[in-house]
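Chain nomenclature is as follows: A, B, C and D, assigned in order of appearance, with residue numbering initiated at 1 for each chain independently.
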Amino acid sequence: MHRTEIRPLFGDVDAMNVVYYGNYLRFFERGRAELMRAAGCPYSQIAALGLHMPAVEAGLRYCQPAMYDQLLAVEASVAWVKKASCRFEYRILDLEGGGERELVTGFTVHGCVNGEGKVKPLPPPAVEALKKHLRD
Amino acid sequence: MHRTEIRPLFGDVDAMNVVYYGNYLRFFERGRAELMRAAGCPYSQIAALGLHMPAVEAGLRYCQPAMYDQLLAVEASVAWVKKASCRFEYRILDLEGGGERELVTGFTVHGCVNGEGKVKPLPPPAVEALKKHLRD
Amino acid sequence: MHRTEIRPLFGDVDAMNVVYYGNYLRFFERGRAELMRAAGCPYSQIAALGLHMPAVEAGLRYCQPAMYDQLLAVEASVAWVKKASCRFEYRILDLEGGGERELVTGFTVHGCVNGEGKVKPLPPPAVEALKKHLRD
Amino acid sequence: MHRTEIRPLFGDVDAMNVVYYGNYLRFFERGRAELMRAAGCPYSQIAALGLHMPAVEAGLRYCQPAMYDQLLAVEASVAWVKKASCRFEYRILDLEGGGERELVTGFTVHGCVNGEGKVKPLPPPAVEALKKHLRD
């Protein structure tokens, strides 16, 4: 499990003063990127191998809204790693209320492809990094 | 089922020249908004009643990427309508390849709340509009 | 002068229910892209030549806010075309109030570079298209 | 002068793998918000007084592109403060190349309005905070 702190900008919220429902996928991206960096395999290293890890599925449950400038944590973990795909899970937590209230949860499943879009095995450094954050 | 045409901007795509995974939720919003407008109840009419319809859940399956400036259709339909919630379903189709290839599918579930976030029944004009696009 | 209609999404507005100040540059992009398409040289044709037209300068004046779902026109025109650069000018107009009130004005200056970022002359089809929309 | 570090997400870049030209205004917002917070007057405090500071003008010069995941600094400073407006200036710097290369510069001018959009004096805590970061 890896944690990244985020504060929503005006550019992230909508007219209700809460984060726009699509922008949590940006927050998930940040959580995922920082998990990979912390595990020693930043995403840019995967890209440097000519590989990409596009999302093939995503899901979100919006329990409570996150608001402008609210201090949030993005918790990211890895649910499973297969030969050419993996699943991340996320929780967005409110760090201001005192009790780390859960605001949004979700997941993303990613494949691994080369520049022509052909499925390829996840490269060893990515597999190793992902396994460090595998949930029990 | 309602159709809206969209062409991704540079501002919608990422470094792979394909639409960023979170931006399909923008496209879903457009499809949903145009469905409601076509059915006689634009979302601004709901907001004018002091009500909002926040997403409580969303899901996406990314089958094929949509690219910069590709002519796309967003197909939106209503899967069910309850007293204080409803479910939209979406398909993003490629209109350029000749065969209306399905690129991304997904759904969103929405509640209905007032300005204080209290759950409220969907207003009658919204229910009526949603029922016009209810799938069999 | 070329006109494109736009309606801001929830994903475009901020907590004031008005379009986020950075998102007008998305609207300018749309106006510019549709001007080029209408003039017979869609941007994808330039990209197919291995060329890009990155912005080197931009400016915006925010006179009145544009609101959620308001019917807007983006007016784009070309102020000048040089060998390897050009300047677009834009006006965002409110089409709902009856009088085409001006909301936001701005400009962007673009260079022309190849895939390595080296300055290149604008390709002839782009020059021809830009000249069609040159203001007097 | 105040500094905030930022790393562009995939959601910030376009097909050239460089930050989308409109998204630098998001980075400017972050720089401005963190300057105000550091000076003891976070923007949420201004909003709590029923006041807003909408941009009335913005300008950007794109010298060099910022890339995906590149470690950047946003430097924000205050050029002037008047009764009901102020001007911020920004520099986006590359922190990775060794020499703090300047990538993008820009400015924003902000007014001060109440919830009805009527011009109001900047509140004293905002003026005080802004003056702390006034350039010589």
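As a working rule, contacts are C-beta pairs under 8 Å (C-beta built on N, C-alpha and C of every residue); 3 or more make two chains touch, one makes a residue touch a chain.
Remember, predicted model here, so these are calculated numbers, not experimental data.
*Asks:* Touching chain A and chain D alike: which chains?
*Replies:* Chains that touch both chain A and chain D, as defined above, are B, C.
*Asks:* Could you put a whole-Å number on the gap between the CA centroids of chain C and chain D?
*Replies:* 23
*Asks:* What is the distance in Å between the mean C-alpha positions of chain B and chain D?
*Replies:* 33
*Asks:* Two-or-more-chain contact residues of chain B, please, as numbers and ranges.
*Replies:* 10-11, 15-16, 22-23, 25-26, 29, 47, 68
*Asks:* For the protein chains shown, what form does their contact graph take: line, ring, star, complete or other?
*Replies:* The chain contacts form a complete graph, every chain touching every other.
*Asks:* Show me the residue ranges of chain B that touch chain D in the complex, using the header's touch definition.
*Replies:* The contact residues of chain B facing chain D are 10-11, 13-17, 20, 22-23, 68.
*Asks:* Please name which positions on chain D make contact with chain C in the complex.
*Replies:* Within the complex, chain D contacts chain C at residues 15-16, 18, 21-26, 29, 47, 52, 54-62, 65, 108, 117.
*Asks:* What residues of chain B sit close enough to touch chain C in their complex?
*Replies:* Going through chain B, the ones touching chain C are 7, 9-11, 25-26, 29-30, 33, 42-44, 47, 68-69.
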